[in-house]
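What follows is a pair of complexes built around chain A, which joins chain B in one and chain C in the other.
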Partner chain A sequence: MDTRRVSRAVPRVRQVGFFTPNTPAQHPVPTRSQSGPPTSDSPPLSGSPASNSLSPVMIPPARHLSDNLGGRTAALPVPRHGNAGDHAIVGSYNPSESVLWLESPTRSRIGDEEFSEGTDWYRRSNSAKFSSSLPSGGFNLSPVKQPGSVAALEAKNPLPEKSEAQKEQASNSKPLKAKTTKAERRALQESQRAVKASSKAEANKSSTPGGAASSKPMKQPQQKKDGPPVASSVAASERIGVDRPVEKERKKDLPPPRMQFDDVSRVGKAKRRSVLNQPEARNRVELFRHLPPHKNGSQLPYLESKFFELHEMHPAVYKVGLQYLTGDLSGGNARCIAMLQAFREAIRDYYTPPEKTLNRDLTSKIGGFVSFLIECRPLSMSMGNAIRFLKSRIARLPLTLSESEAKATLCSDIDRFINEKIVLADKVIVRHAATKIRDGDVLLTYGSSCVVEMILLYAHELGKRFLVVVVDSRPMLEGQKLLRRLVAKGLSCTYTQLNAISYVMHEVTQVFLGASSIFSNGTVYSRVGTASVAMVAHAFGVPVLVCCEAYKFHERVQLDSICFNELGDPDAISKVAGRVDLNYLDNLTDKQKESLQLLNLKYDATPSDYISVIVTDYGMIPPTSVPVIVREYRKEYLLI
Partner chain B sequence: MWWRSASFILDRQQEQNAAVPPNPESLLLSSPPPSMADSLQNPKPDISAYYQTRAAHHAVVTSDWLAQAHAAVSIQTDDDDSSVIDGKIAPAAGGRGGDKAFSVIDEFNSWRKQPDLAEAVAAIRALAAVIKASQATTMMELEIELKKASDSLKAWDTTSISLTAGCDLFIRYVTRTSALEYEDFNSARSRLIERAEKFGEISCKARRIIAMLCQDFIFDGCTILVHGFSRVVLEVLRTAAQNKKHFRVFCTEGRPDRTGLRLSNELAKLDVPVKLLIDSAVAYTMDEVDMVLVGADAIVESGGIINMMGTYQIALVSHSMNKPVYVAAESYKFARLYPLDQKDVGPALRTIDFGVPIPSKVEVEKSARDYTPPLYLTLLFTDLGVLTPSVVSDELIQLYL
Partner chain C sequence: MDFQVVVLAGGSSKNLTPLVSKELPKPLLPVANRPVLTYVLHQLEQSNLKDLIVVVEGEDAALVVGAWISGTFIDRLHVEIAAVPEDIGTAGAIREISHHLTTKDILVVSGDLVSDVPPGAVAATHRRHDAAVTATLCSIPVSGPLESGSSVGKDKAKKLGRYNIIGLDPGKQFLLHIATGAEIEKDARLPKRILRAVGQMEIRSDLMDAHMYAFKRSVLQEVLELKDAFQSLKEDVLPYLVRSQLKSEALSNRTPQGEENGNEKVTSLNNQVFVSRILANASIPSFHDRSSETPDGSAPTRKTHKCCAYIASSSSYCVRLNSIQAFMDINRDVTGEADHLLSGTDPNNNIGPSPKLGTKTTVGPHSMLGEGSEVGDKCQVKRSVIGRHCRIGSHVKVVNSVVMNHVTIGDGCIIQGSVVCSNVQLQDRVVLKDCQVGAGFVVTAGSEYKAESLARKEK
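For the complex of A and B:
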């Protein structure tokens, strides 16, 4: 009860997103209460009557501990240092990209020799990898600092209505201080330093002490003044013991951070590893700097020239990567199928190197392919799901299988995934959606979605009489491709631009939309412009049907289209190809160009309120049921 | 679904007061059954059989209905016996295995004549009779036979959603029961029959569970607006009255079959203060109302309900005035349907008597039901518990996938 009060008093806000996780207030109370009384090696504490008065705070120790750990893994108490916004983090945000960024953080973390700032340390230890990569030093440091930061916070917060627990804690800390003699404190401090020095020495094997050392001396005097070092050192030693297993457990469910492209140092490192020339990050819109910059097809010759340098890259994967880069392959399903087929080729040609096991080596190999594909174009959510499926299949291969059997199993698994989750799913969706099309309907669609196209064609084959309105927008103009195919089949179509949507919507009876992904909260992530279509339809009371295969569902929750998105070519919106008369932006001076920021987003997020129904291979479901499907589906494809 | 029902509520209640008298099954012979031309063909295909039956069972027949009710009360004891016998006879009649003339639709209609029996339950009983009458020797054969029977039932009255839902549920139940796999065919068959028999009781039990669940929501001094005649709603209100809650009820008239009059009669018998409104007075009285309580013909996958015409507008009015709308419905009314708008549900037509001749040029909207989107519903009281509309699809996915 008390702990709850505390957390209410200093609310946890803004742990996610662009800010450095920073929750100093929650940790100290549990730490102290938990470590204080029960430890026998701190005689002043256990002998004191204060231990009794402490106990209410610690009543459910396990609970405190877990609270504490939960908080910690989400956000270590970082000493406030510099501008929090600079360390746009390393999110506690996106669980999925495990496949995507698994490699990069570890590599950079262990291999790097320059830690420029002390805070860097703590930030990285967030991602739980740290515990295994460094022996013990990393964890010693953080709890030591807590009392200091709490005290500072309490001093800063002279709230008249301090919560009870805080008051209690304050009153407790005084007797504590009185009880410990100066000599004892000195001794403890010495021992603590010794521990730290040794741990630092260990840590030095992988990193220079520069940054860490610079921040430590600053903190320690402060801590000597206000915090009872007894408790904290005990806490530290206990922490180490307790943390380990939990951290390891966490490792599984805690998502590795996604690369944020406004983090200069990491982008630099990524650049060195990368195969492609990273384009200059010139003049990108402030809010979207964290997104990977667009790479256009002009890099194709460069990449082609590097073909023979990339030994481990399979030609099929290479081909698919190039197709992504030039934009020849687009559309969620097409990209996913191409990728899976390339992987199948690669697996077929794969031989386990001597002294390696297939499971591990193949997984890392696939990881390498994936990071190459990411460099060509960021993965879609559906591809992430497919990769996760493949990796889980590889990991679950029985060790008794021979290599050829294992390869055959994997290939057939991939085929089955393509067949069941994409091809058959599409057929089912088409059947379901076609029941909603009645004679005399006017159906509106936006952009080009292959499922919607199949639905329209199927309904046409069934002899239903309906009109199609294809809404399109620059710069992709994908709708024209769709329009071409529909008209070729004899459907009667109207073509219009997104600007005219509010005018057209009067006539429409149903809106069919495709989706790149659907999140757990029902948010639909789709081609940019979809949200406006859905909103206009909602305003006009027209039902919006989103057609999407269940393998594209994602357990993440996303509220806006800023955190995760893809940038398109900025030049594509400033120039209109083939229109010389529209060159208003051509002859800008360099200075003018500096103040011009072009934003070409590829996707947007449609809130679930604007969606009437999601048509998926499990039938028609309301957007609120997406998590149900994710739950059931996850179970299923891990078991396949 | 029903095996997960919140029957603990009932158990608790039984522990608390074993003295509560069981509900008299007096409704069993209240009104004369409509004359059904017994054939595979629905006699009047353009008129919804479902709503015909409802009208016959629930619509007020004023004076002669009252007379009949009095008669029913006077011969209460007799009636109970006969109904039990009736209940025994009907399946037995269905069970003459060798009879060539067995038809699932006749069976269904004979069950349907009992006003207290929900349509879905009648369908399930009829399907159980199919199992009894069947001469299949393997499970697969039996399944195919069942499938055919349920298809013909569904085709017989396409407008009745609960009939379809009941058939689907039963088929699902049969094909999904893992307990049947290791047993020999005969015991599996008898087990299926046993389950189907149980279903009728469960449906009555479901009403009582819902009634118990609702009690927490009916507070002293509240005003409840009800629409149409729903057996579940009546059960809820009856239980509330028995629990000595003080509340009053506004009944809409429920044109054209005036089912509201019937409900108000029933409530008046229970000494519940009732006020009758014409259907168009809903918005006028809404500020006095504390909650809206309606039944449902079907609960669809979006979490919305399909119910008697007028529910949608009541829900709209109460939504705009921030009054909660509660739906009481048994879980066998969950249907795998997803209407996008009003016209998306196949219309269930019925005749409407305006009292005066209508010129032939004037068109009449004859649809008997409308669809209320989940947005306007607050909670659903079902025998699975008190659910928000979004849980419906969860339950359906778990059942059908």
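For the complex of A and C:
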């Protein structure tokens, strides 16, 4: 429980992590690397750049910052460097962190341990980063490895920058002085330098170094205090995903701000770029106007007539796009597999144009495919992860490879991704989940999830005797397809609609749900209606098992299903398939139609409170452990 | 997009005598003063399809057509002309050029098609369903000149027999039955298997096969190889494929996949099956899949292929020039309601000396006069097309007619509902009603003809 709480508190603390990675900084780095080696007593971590990706989360420096604050001031006489701006940050920054620290005193022991390790990572990651990002900083390469020369440099460099503001600040923080020991003071200094380094880095980036140095730091702490913790944690976690050793890549990898479809000017720009006609945003519900409007069937003829004009689009990709658009293909896994297979085809048929390099040209090509697919239907998280995997593989192709070798490597990478992350993962999940099914169980599932289906079939093959309740809802009625296949295999099923859920739940012993994605805070993003099922199950005390492959996990944090969702065909909800007589909404006058807005959301977010366990390919985990998986998993596929 | 385009231009069509001749093969028959082939080529060019194979029947015709294409489209299209023997039918023609076909899919377009149905749409439908064949269906055009109410009697009888019975699935995406022309007299036969699999079938007679097909190359070639007797794509190959879609003897859509699987050494077959099952479960099953899978839900055992239909929207224009009546209709429509087909076809046509009109001469709407034509005094031209360099005397009435190039018409002629080919000389006071006058014919002064076909005797 304790660890859990820590992990929950993490997002807040991560802010520090956000500061650190952006450090191509020059001055503080030497000091860090100088003091780094002595303290680093965990070689595995310090050795590899792999630990870089961990740095943001370990962040306990926050706490350590605050409780060493006094120490730092005690050490004031020996401030080796720093300018006014930097100190200003530290000063205004610390109080908020110290509040946080006071709020959670339970962390004492664990926190300390974590902390010492943490700082260590922290330093290592920074020094490693330094070496990689140095070319851009262009300052000094040698000091990283040679502490001796570092010291020399230090002596030269930071001293002139000393300023009076520092003293001022020191006096502010004096009251805390007494509490700290020497070691702590030392540690504090280190961390402060790191903070300074990061802020400096930011200052360097901006066009007017002097001005920015003073203005930016002022802004950041404010944000931190004012902004609701949620927002900041979202920001932090998104950035965390991005934390990678090479600065440039990191920037590239940052997801561009999502298109807000209520922003008229940007929509107009996108329209000009896009292949498809953007349907006009007419009669859409106010709250959901920022979501991409549904591309209904009317787009099909347009896309069809453009068939031969999109010659840069590979036929396989085009076909997949068409299938997305028409809804022939749905379901997270299937869409992801289809997309990857199309990409594989495209890569196979790809030839590098003269005077271009494969890495760059192919990346842009894949980017073009992706934007085409997005126009057909917004991507799911799983697909986003797969695309990121593919792009990182392309970026990491050694330049020495010949074209055919590179293509073969990529194709086998794609195959491996499909096999390991989807096929094998599903098999593992099925094994895990089947252990939870006992004879006499009544299992409830909602919609049509391919993993849940496999679990049920597998358990049936094992000879377990159980009943299945398939809950379904309009307008997709996906459950019927699942039902058809289950019944064909001889499972005894009950079929009901979502509105009868509370009646059925009495009988149910377990609920199995699929997911489109799971966010870092444990929120499950899944077919609309899942949240209600989970909630009802929670109310009845029925355990809810969410089955989801780990490649669908996403580092974003989302609390509601409004800010990110997908709109379905609004007409689908006003019509009933096969019942032409139910047309109450058909013959409205134009004026009435204007005041009628139809909302057909495709997904919803289930809070982690309603979920008992998440069955994933790494085992059965509580929703709170999702960030851990995200972190580990990311490391695994980005740094292979 | 991995499509090869074959334009079946044809040669000398029997239906169109005496309009076509050795010198003027069918592809070059002028429709609104442009060879009919222009319309297809222009349509393809607009869809960014620039590598074409044009199949022409007969060596001589091929030379003429080839010369014209290279003259007109020299810098815009890359066209290969293939000459095939006459009377081997459309299927035979494809068989002849089979070794030229290399891509995965083939688009076969008839050269006499005047339409604005985008070829891309047909190709996209084909790709979307991974079909063996996709046929374009369009609504049957309104035939006969509505304004006058009269039509060529000879064609009337023919029109009656030209029925199309087309069966579609409820989603209007798959072709379940197709019977055209002569077959109708016999009983329509439907495979029970298909009916059982689909459950519901919509039979329509208001649709027509527009003769624009997308074929899967492997399927097409295999069918042509297996069935030597097949003469026509429309009457033999397509019905055969539709009939046998659930018990595919020819190639099936499974086979290419099988080949792919064989190539995959990295992944085990087991995983392949797994992946394909995920994909299959996620997609909406067509009746092919449902019927082919055995009751216990195991993997599909029977081979199937899909026959799709692309139904052109009712607003699009789509007519084949396969009869004299159709020729009249197309001329009327292209100058009239479907004039968007003309736009941009060939701007060169508009250059040159504009036609000279005499005093008190009226040219009604839906009419067209070619460059360099001269019309005398007090003439009337209504709903007619008059070609280039024609000389028309005074007091001439031309209604609902097509007059081709270099025609000389004497004073006081009355031409109604007729086609007058190139280099014809009509002397004074000739009255033609519903006639076709072959090229180079001389109609003596004062003669009257009604519903006749006049042509020079072959020497």
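Quick note on the criterion: the second predicted complex is superposed on the first by the 385 of 640 C-alpha atoms of A that agree within 3 Å, B and C clash if a C-alpha of one lies under 4 Å from a C-alpha of the other, contacts with A are read in each partner's own complex, and residues count from 1 in each chain.
Everything below uses one rule, namely that a contact is a pair of C-beta atoms (placed from the backbone, for glycine too) under 8 Å apart; a residue touches a chain by one contact, two chains touch by 3 or more.
Given the structure is predicted, the values throughout are model-derived calculations rather than measurements.
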Fit or clash between chain C and chain B when superposed on chain A: fit
Contacts of A:Met620 with chain B and chain C, given as first, second, both or neither: first
Residue contacts with chain A in the superposition, chain B compared against chain C: C
Chain B versus chain C as contact partner of A:Arg485, first or second or both or neither: second
Chain B versus chain C as contact partner of A:Glu286, first or second or both or neither: neither
Chain B versus chain C as contact partner of A:Glu453, first or second or both or neither: second
Partner chain in contact with A:Ser330 - chain B first, chain C second, else both or neither: second
Touched partner set for A:Asn419, first chain B, second chain C, both or neither: second
Partner chain(s) touched by A:Pro315 [first = chain B, second = chain C, both, neither]: second
Smallest distance from any CA atom of chain C to any CA atom of chain B, in Å, after fitting: 24
Residues of chain B touching chain A in the complex: 301-303, 336, 338, 340-341, 344, 374, 390, 393-394, 397-398, 400-401
Contact set on chain A toward chain B in their complex: 436, 510, 543, 545, 612-613, 618-622, 624-625, 628-629, 632
Of chain A, residues touching chain C in the complex: 301, 303-311, 313, 315, 318-319, 322-323, 326-331, 333-335, 337-338, 412, 415-416, 418-419, 422-423, 426, 448, 450, 453, 481, 485, 488-489
Complex contact set, residues of chain C against chain A: 1-3, 47-49, 104, 118-121, 123-125, 127-128, 130, 264, 266-267, 271, 274-275, 278-279, 281-284, 295-297, 313
